[in-house]
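The following blocks contain the structures, represented as structure tokens.
Both of the next two complexes hold subunit A, though its partner changes from subunit B to subunit C.
For the complex of A and B:
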């Protein structure tokens, strides 16, 4: 075998191995969702079934956990995007030395282990509730409320980083120009800054929601007596599981694929439009 | 409507640094006024103080007689054109122009109409639906002016708006800006380090150096009658000869230079023995010994060809470059580097000033 052919074979082998490593588990899990076997497994194949999807939708724990995850995700988006934006704007207005101190402070939640954020959120609100003599059904002990706060404390930092990156490309003279033309600071914010930041706002919303949705190590403490999708799943795995989890995975993969394809298609359509415009201008 | 602008003992400090020192002047309503100076001389500071982005450390800015202290930029009757224009990239051209009206809650139909009028004023009709990024540099320039004019300011402030354009366009825009100013009739305050721009467009010019206004006057006045060595050396080309005053009367002073005693006007009343600088503009130097004295014997160092004229550099006996002047092509033909040359000038057109700061090239 010539060395060129050997290189080719080895490259193909490596690529195959890489994709097997990346997608193998997903494929096996996808197959197991349709296998009649009682445990999530692709082999032996004992027959096609949609029963696990049926079971999934009738699993009240899972459905409730899923709903809670959605609520918490929405809550985290509503809180952390504005907080992240505000933090980024403050950052952009600070002078050099103050900036590095500020940066260290606002970045610290991101570097703190999620477990510690979870425990400290729980302890803090529990102490506060006790001190104020609050009832057990108040928000001091509400898992959804605590999870939103706990997750927001570090997810807002992620959002801030996204906004900082975008703000660095903002021309402050535009702000001054708008002020000079008579705009109030509020109008400058909504008419000049927000439109400029729109892509970053979108990215921050998606990131905040996804990070919240898949969070486990903070949520497992802050959720108290409630449950989210991740905590329900973790519980199931511990107790031994059935392929309805695989069915859930298949659904999530499908949603992701559809979303990613839609965004990619839109991007390509825009690129085509710009290319057509450029061609038209050259033609003139 | 157009308003006059008055600076009354205006001083601006940043920490210990004095960006602007005790500026006093009155800019008449409806005039084209330029602040001219090298970068870092404080001219942008003045502009930001007038527009309200900087608070005076001392003194007052008055527009139309009204003290502007405490009035923020969005409530002043001024509009500023930024050096980088600061157009809004996400808005269409007409939305850019009508932004000031949008802020003032003018209905959309009226805003469009006004934008249309302004687009015609700046000779860009039917370009309103484009994005700013689709316009050329000169077109953007004009959009920035239209956007500022849309709010009907009493004073338009321009911060070196032409500096990013190439030479031809810059020359064209000078004429254009002056024409727009005369059409709308409001006060234009223009900041520039380019003396050509200032001389061509302005009714009056204030020459600045290191936070101090050196001289205020019309272009010809500043060019012909500089009050300080800085103004003489910054505005236009000038040959400077330093030396001690050898003789002086009310009208003229003779300065003892390396080329011998040379005579020029003496507006500052220099006395015998004073340290002085004699300024001789290149265009008043003529080949030959002349009849009134003031002849400089020298050696031709180099000859540069520039289309309409040739520039001749002359050296003193040590071979150092000391004099530059321009001459017609025919005359230049008779001169070549290395040869002896004698030039002379009329004492009434040269000027002797007390020693002081010179502008660096």
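For the complex of A and C:
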């Protein structure tokens, strides 16, 4: 075998090994969701069952956690997308030296461990509540409110980065032209800037919601006496003996596959459209 | 001072009053109420005694170094010179996070390089999709998958026993094998993509030129590809280290009975220990360690914060 061919075989072997590491554990977990064994395991295979899915939908803790996750996700989207947008616009207008200090401050939540963001949020509102003699049932001690704020503090950074990337391609001449023609600032904002940013707004909403939905490290501290899907899951997994968790994983993976395939197909269709347009222009 | 007021005048002229108010309110709320004040309160709280709510604000509520002393020297009357129990957990966490980061770099570099080599529209996109898919699955479920994989009755033990390699199941979870492979797996994407982006921007002619001039493959990587990928390496390593050192779910789910992660100690102070100021002090120590690491990476790789966060 020549050395080039050997390199090629080695490379492919490594790539195959890597993807086995990436997908193997998930596939085995998927299989365990359908195995009749009482303990979640893929082997030995003792028979096919859908019992675990049934058990999953009757689990009131999980359902309640899921609902809270949806509420928190919505709250985070409502706060972090406008904050991220505002932060990106200010970033684009700052002068050089102020910009680097500002950038360090607004990036810091991304480089801070999630547990610390959770703890600082919890402590801050708790101290504030104590200082103001607030009652126990006020928002200072409300897990859902605290989780929204804690998550917003770092998810806003993600949104900001999405908007910064898109704003770099924005041509300010459009804004100036509209202002010169007598449009108000509000009109320019809603009729020129926002439509230009629409893909970024969409991406930021999706990212903010999913990040919030997934989050554990921050939420586990800010959630106090409430629960989310991830905190309920973590509790169950630590006790660790129920295949209905695998069943939930299967559902999540299926939704992911469908979503990802949809995005991929849309991209393909768009590319074909652009290719067809180019071909038509050449034909002229 | 006049430059600052010039800036505001220009800002309002450019954006209008309403939009300016929105921009400043949103960003000041974010920076002050969500980022800076909570950190300051946590820092202040870490210097306080653990008092019941009724005594907070009274003359008993004074500052103390007690919480930090506890991490270093343990409770009063501790027979040892230092609080080895917690210090060991702290240093083990940092050391393990460094190892996991290096392991991640070693695993991901070839894949990132391979991806840039096959980068032609469709194939590259399918590869990227395959990389991203597993990371949409919840962090906790991913750790759970490793627990199934490495369990006493799990597939690996099943295979080892049936192949006659071992006679008794191997306790992978107790030996922390599951924890380290699970942690390396958890944040892989944050290593691959910065590496991929950095390597992709390399002009491939440079690699070809080095090869034509007779450079062996390892020297091409060492002298051409890796120096070019430096910002990507710094970015990936920083993110992976920070997330690994701050991980909570994976150690809770995959950690053996004898191996605590530092975040778990913090968690205990808040939940079972009921001593929040003590937990805040420990959290601040962890935060400091992460900041030191980020600064060290910036110095070693000579990159800016902006490049790390890309």
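Assume the second predicted complex is superposed on the first by the 271 of 284 C-alpha atoms of A that agree within 3 Å, B and C clash if a C-alpha of one lies under 4 Å from a C-alpha of the other, contacts with A are read in each partner's own complex, and residues count from 1 in each chain.
In this section, a contact is a pair of C-beta atoms (placed from the backbone, for glycine too) under 8 Å apart; a residue touches a chain by one contact, two chains touch by 3 or more.
A quick note: this is a predicted structure, and the numbers were derived from the prediction, not measured.
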Could you say whether A:262 touches subunit B, subunit C, both of them, or neither, answering first, second, both or neither? neither
Superposition-derived comparison: subunit B or subunit C, residues of subunit A touched: C
Which superposed partner A:194 touches (first subunit B, second subunit C, both, neither): neither
Let me test your reading of the model: by the given contact rule, A:23 touches which partner, first (subunit B), second (subunit C), both or neither? second
Is A:178 in contact with subunit B, with subunit C, with both, or with neither (first, second, both, neither)? first
Between subunit B (first) and subunit C (second), which does A:245 come into contact with in this model arrangement: first, second, both, or neither? second
Looking at A:275 after the superposition, I want to know if it touches subunit B, subunit C, both of them or none. Which is it: first, second, both, neither? neither
Considering only the touch criterion stated at the top, classify A:253 as touching first (subunit B), second (subunit C), both, or neither. second
State whether A:113 touches subunit B only (first), subunit C only (second), both chains, or neither. second
Once the complexes are superposed, what residues of subunit A are shared between the subunit B interface and the subunit C interface? 184
Which of the residues in subunit C end up touching subunit A in this complex? 7, 11, 14-19, 22-24, 26-27, 29-31, 33-39, 41-42, 45, 53, 56-57, 107, 110-111, 114, 125, 129-134, 136-149, 151, 153-155, 158, 185, 188, 217, 238, 242-243, 245-249, 252-253, 263, 266-267, 270, 276, 279-280, 283, 286-287, 290, 294, 305-306, 308-309
Subunit A contact footprint on subunit B (complex, rising order): 51, 53, 72-75, 78-80, 82-84, 86-88, 90, 99-100, 102-104, 147-148, 150-151
For the complex, which residues does subunit A have touching subunit B? 171, 173-174, 176-184, 187, 191-192, 195-196
Interface with subunit C, subunit A side, in the complex: residues 7, 11, 14-15, 18-19, 21-26, 28-29, 32, 39-44, 82-83, 85-87, 89-90, 93, 95, 98, 103-117, 119-124, 126-127, 130-131, 149, 152-153, 156, 161, 184-186, 188-189, 210, 214, 216-217, 220-221, 230, 233-234, 237-238, 240, 245-246, 248-249, 252-253, 256-257, 259-260, 264, 267
